[in-house]
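Next come two complexes built around subunit A: one with subunit B, the other with subunit C.
== the complex of A and B ==
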């Protein structure tokens, strides 16, 4: 065995999961402790002042240990340090149905539920602001301001205006201009494991928190602020996590509630969400209205793109600043578009907060771009695949807004799926009802600018080898089912050329793990992978030095291979363990550390004072110097192209997706098994948003109408199409062993591919997601 | 989501089950067979009773004897039964499309014909019902679908019942006052809360299929967004007899998931008896039935769509059954 990367590798924690031995929050029982159950009282109103909370009766109920409210902590938190607008409990007013009012800790769940019924809250109802258009308007009374601290007019959370090139000039030179109004209902992550948390505030005044989270580090920080405790007295443990998809990438109020209740009672407190609470917590994809215009010459050269996006953020900020930028700038690849205008507004409304979700900020705009490209192709008589290839970037390009595209396999992706799907024989040539369509995608491989503007590595990995010969890897990259533990093990194994069974991953505990920002923005393989590789390289040097002593041969002549150190000239060898023992004999410890920090940002970039122009990585500073230049800036970009074939029943509007050919440029597939899984998972999730998933709100009250998996419909396994996956390996110059992301970008192409295939099948363009049966048959009826 | 506390009883015979029901009736009880529907409602704290009488151990009702189906026979067993496959294809079609395979392995035919009516405003969590307000069928005093306080319009969601009504099947019931047999078509009421004429103590023990069903062409079509899990959004059951001259001798079309009970269309279809089956006749029948249908706005798809689908399903089903 000479390579661990590039091999189909079953997840290192897979056996634990499939045999039921993996320990999730729900399984955790603290030995010798009475564990209390926490339940949360939530607001039944979308917008109301809290006049009075009386929990005296609840406190008297037998089995109730404590009741917590905003009085116990008013400190604000939020995942972005610039928009901290969340609190553990609503202070003075509630801003959406489900806002946390109070929490109860009791001996068991039934008692806690009964106690919630005994808490009396007096509200003064305010008219809820539910339509994002309404949030753009100036307010006439302070009560109308959903989040009082926001500096923008009305209930605007963030406005972004960006302009590159000269759109007006470009339009004059264009032969075809296509535009459209698109709308996207909100969708949510629908991860398997509902959120859960255990807080244990001990007599030593230290807090331990177990939480189903993607971001132990941000949770650690937020707890420190909310609980007013130094971080070194807080330990965050991430047990096995049953999926996240962005829905567990914020610190959450229920985590704060558990900490507060545990501190009040001196006992461990567990809070497990019911499924409707998961829907209420949401932080899913933003409902968005997008107006888009795209132009091209008659020769098929894209000339301009204009986007106007109105993004419904719900009641909190979450990742919203980033979302607002991403809706624009992530449309600037994988095609050469020189002239670009973007106007984006993310607004507050009295709904559960929107946040980050797989393909964060890029999915909705991508759908619109890829739809308009097909319309342009039809107008100027181009094949949609060929038109995309013609406009695609080459490696080592700079986009209009200063993104640095290094590796770039988009053309190969398109060619692969075009040939595999037998496109030329099918497009526009199949009988009515049957269709084929293409869509592409473009996504970041981690954000170059960290959320906290500090000079701190974005990922650090420690590797330790002891006398047993075991290789212990410490990281805080959160394994949430995506395979991050496995990829770190592979990166270390590839350097040390040792057997995978030697490698043990410890990634659950902030006490022992070095800093890592967590599992979001498709950053783990790239950033933590590089850190792991570097840590392993450091330790490799020490092993080779020790081997050199034993074998009396210079290090240059030695090579690690198959759990051995080989002398290249004499072909003699010693075992991995022999070399390790020698190294330990001299030092007592074999440690390696590696870290990652994104390449320099442009020195002219305003506001990012601590980070700009400082030395961190090789290479020239990246990005432009305009406001917001760092948003969407990534050390590398993934891209992909999918072709989808489907059948539409023109009478019922039901769509049967038959087959998807999916090509994704992931640089290098470190674990092809995991990459394939991510692509198939992305297709599943994307088909859901395309065809049936929808967060429905009551128009008058703002209540989520379908907070369950019957009425909020995900694609069932029986409706998953056949998927042929093509991993395009463009060998990224900076990624670990050439790798870049494969977890989020692969969702982007599927939605427009479906829409374009529906057009090919029945001749209707749908611009509102989800494309439900009734929308399809009414579009067909209108056309007739 | 946890189940509320209740006492579980496990009788071994119908007689014993009824006896238990009489002992606990002052506190309230539900019979439960597969429980795939009832227990979910219990989790949502919908009309929870302190006693659950499980029918699982009762052997006398769990087999199929020719055209008599024990009420405790699972939907999966019906789907696989050779006699029914050959003689009552419509029931097999209906039962094999209920919920998901996991549901069909557990859910019983007795439970399916008694399944609680469903409504967007009813099948929700307690927290959901505290915001905006609950409905007549749960704990409040007003309907949220049609603003009135008199009756409930929750949707009848059984897949098997419309098919049984279409062939005039009978239900055998046993209760504190003994046994009785009732026509499936007379069993259901217009009220989404009361739903049917079963006495509280009664258990459906048997579904009796008329012998003449074997001479009919039967079939079932339904619309749901997903081909598994979902309850029907609209469904059509048909039973036909076409003679040698291709003339309609007998026709019954029953709609499910449209109103509060399985809706017969005898008035509409009777006028076509004696007509020669043709595409234009099928179209006419379907259009008439569609026109008459009145879905309530209480499921996740718009009324206009569901109404349109009545006609589409009807036409497709009649074409399929008559090879037109």
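== the complex of A and C ==
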């Protein structure tokens, strides 16, 4: 019987949050009133050479302790080791409005701001390259190269060409071919807590950094490279983090700036972003133009898919290599599509970098796929739900590009929402203005191939029990509000069958936590969850051995249950603490360690033998052996299907989303409260991108036009529809207690579901996001 | 807090007296000091959060004379003789206030950064109306922004808290 998993569990760190006691970055005060405030001087131009920086006046200002520029560090960093193109400060030229040029550390914020005004920078303006199409073209002068190191032509950052099967042949055998040009404005995470950092370079020559980050480990690595210090002299502490959604999953220049300033001054330095700085730093979803073509037979069998994506990366690489692949390959599920061509280009432009955002790389292509499917269904006279079910993968399938799908509840998801929404009575049957639509999703549960190609587990967890009977869990999986601390506690509690109040999570500090790659790519529940489970299993053995001694009964006859150890034959029992104490007598400490390393990567993958762990798990090898085969490769995939019902006012173009039925296959909902919360939050964010959110740039200057919450509009509470959540549990064979991801995949289905419902309501297909009232009335007018 | 620096001359401070969480304080306040900064950095009541500095996110919501107010849009000079209540004052014994408890148990708080602001807004709402409809709740919280929950579990939390409060009152 389940002890902790599957039970609605309030967050283990939740009481701190609701009482205002949770300590976020800006709440940290170091003793002694020695902390300096850092402020950043940012570029006013999107593209310009830096001719001269004169900060002599700034340095003279009373209360200013240091000014830092690129002279203090030119070392490159970046989240992907293959595309390190960021530096703490712009070197010789700036590449977007907001690029860091210098930073000041002063006694207080007011002084720091005054000092920034005293820094004189001479620029030579260059024409900014803002249109991604322009970045595809070859350059005629070296000045036009935004990032000089890129090996591709023009300002291309990454090109991916992939082909599986034979699209041409498939097209000949198809009865219907649908295509379209789609465009997606950029959107951003809009987490409520601005980024912030405190660096403290101590007199012991050790660096401590507190940062609002999703990836303490990558920050740790980047600091080591930029500061030229060994990792063991650096400690990264993650305080409570006020939301991330991918926006805090890169190491950032402001973190480097704080470290440099702290070293220069010998004092702790805090840098806290204003809201507009958060927008300027962006790393949100890439603005993308996608051409897509999809074909099917008259019997409703999908035959081919072709995608051409032009992805606007902004000035830095960030996760861009992965983004470029994901825009293609993550469209190869949950439907059987055997013939596939993909051409993706991610380009540099003179804008703030795009990066990873919830549903990374998959959201835009998914929107296009799901709307084309509806068009195909209409053409060949199929119900859109039935057509999707007909083409959906079964469990234990291999996709065209070699993804290994294990658990697979997509059909159940579609059936659930179809029935619950009373689809058959509504689709094409409601009065003009009212509509219903479906969309599905497919996402990874962590990347099988780690970003840094080395033989290191992706997650390690230590579990310790001491004389107080308390169970401490040590991990570096970053709790950012998604509930990762809680899920680790549940995994450990489930194995030890102990009271949840015994379990304390320590996940904040790189000094005490073993390696974990962090909270991104929906990897934590699966990977850190498994590591936690395994660590607890090691301890469980020690407890049972000790109990066996006390109870004079073989381990096979013993069972942990409700904070006790039960002898199954005699029904006698001892307490958890008794067994722990006995075990400690023998060893001094109870310690269990567990790790996760993705299993069975295809031996054909380059360097894979180096990466293979000793661990071998069941299941077919993952992935093909072609170039890029590891991108999108995951030990498990989540799926989902949503139905959305809405009303469009044909006069104003306003959309009122009335109801969403959301089914997500998360394998097993370890914490249903958190899974529901993720699904509802995803719907909020996805509706925003579908209907109103847009990162707007000035076409000539590249300046962000709406760097605040008044002008960058998110869905307000009054616009949120009612949501019925269905957690489909397909029991993943490898996930912890059958679980897989639920944090990002649930954003995918909502966007196309809205578009398809708008079509059902007023008969227009919108291909440009966001689908604003203006676009809707203009489409309706055109149709007339 | 991009405060706009005053012209570089001596700015007169003024003593402002107010009640915060049932404690009378007297502070030397500059004309451009925001109430939010005074609460956070002078009084170290860091439960009140700073999310946008322009009244768009509601993370800095506190109660002034029982009405929810954005402390980032309030000058500290304005609170002379007023009564301020922040998140730190809601819990009065070993148990959390029902609003806090329900935000915790019903999933109304994920990352937690917007939570104090929402709780203060909800606390004020339930003081005025202990049985609001879902629509009334949505209306009341529409000045607060949450990016994690999609607001659904926040509304659930407030509804549940209202039940608890009514239960207590009827006893």
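Note that in this section the second predicted complex is superposed on the first by the 769 of 784 C-alpha atoms of A that agree within 3 Å, B and C clash if a C-alpha of one lies under 4 Å from a C-alpha of the other, contacts with A are read in each partner's own complex, and residues count from 1 in each chain.
Quick note on the criterion: a residue touches a chain if its C-beta (ideal position, glycine included) is under 8 Å from a C-beta of that chain, and two chains touch if they have at least 3 such contacts.
Model, not experiment: these values are computed from the prediction.
Once the two complexes are overlaid on the shared chain, A:109 sits against subunit B and subunit C alike.
Comparing subunit B with subunit C, the partner in contact with more residues of subunit A is C. Once the two complexes are laid over each other on the shared chain, residue contacts for A:703 go to subunit B alone; subunit C is not touched. Once the two complexes are laid over each other on the shared chain, residue contacts for A:44 go to subunit B alone; subunit C is not touched. Of the two partner chains placed by the overlay, neither subunit B nor subunit C lies in contact with A:238.
When the two structures are aligned on the shared chain, A:777 is found in touch with subunit B, with no touch to subunit C. Once the two complexes are laid over each other on the shared chain, residue contacts for A:193 go to subunit C alone; subunit B is not touched.
Contact with subunit B, but none with subunit C, is seen for A:97 once the two complexes are overlaid on the shared chain. Of the two partner chains placed by the overlay, subunit B and subunit C both lie in contact with A:275. When both complexes are overlaid on chain A, the residue A:483 reaches subunit C alone and has no touch with subunit B. On subunit A, the patch touched by subunit B and the patch touched by subunit C overlap at residues 109-110, 274-275, 708-710, 715-718. Those residues of subunit A whose C-beta lies close enough to touch subunit C in the complex are 10-11, 13-24, 26-27, 29, 109-110, 113-114, 189-194, 240-245, 274-275, 480-483, 673-674, 676-677, 680-685, 708-710, 714-718, 720, 723. Against subunit B, in their complex, subunit A makes its touches with residues 42-45, 97-98, 109-110, 274-276, 651-654, 692, 696, 698, 701, 703-711, 713, 715-719, 772-774, 777. Across the complex, subunit C meets subunit A through its residues 1-3, 5, 8, 40, 44-54, 56-57, 59, 86-88, 90-91, 96, 100-101, 103-107, 109-116, 119, 135, 138-139, 141-142, 144-155. By the touch criterion stated above, subunit B contacts subunit A in their complex at residues 1-2, 4-5, 100, 120, 123-125, 127-128, 130-132, 223, 225-231, 300-302, 304-305, 308-309, 312.
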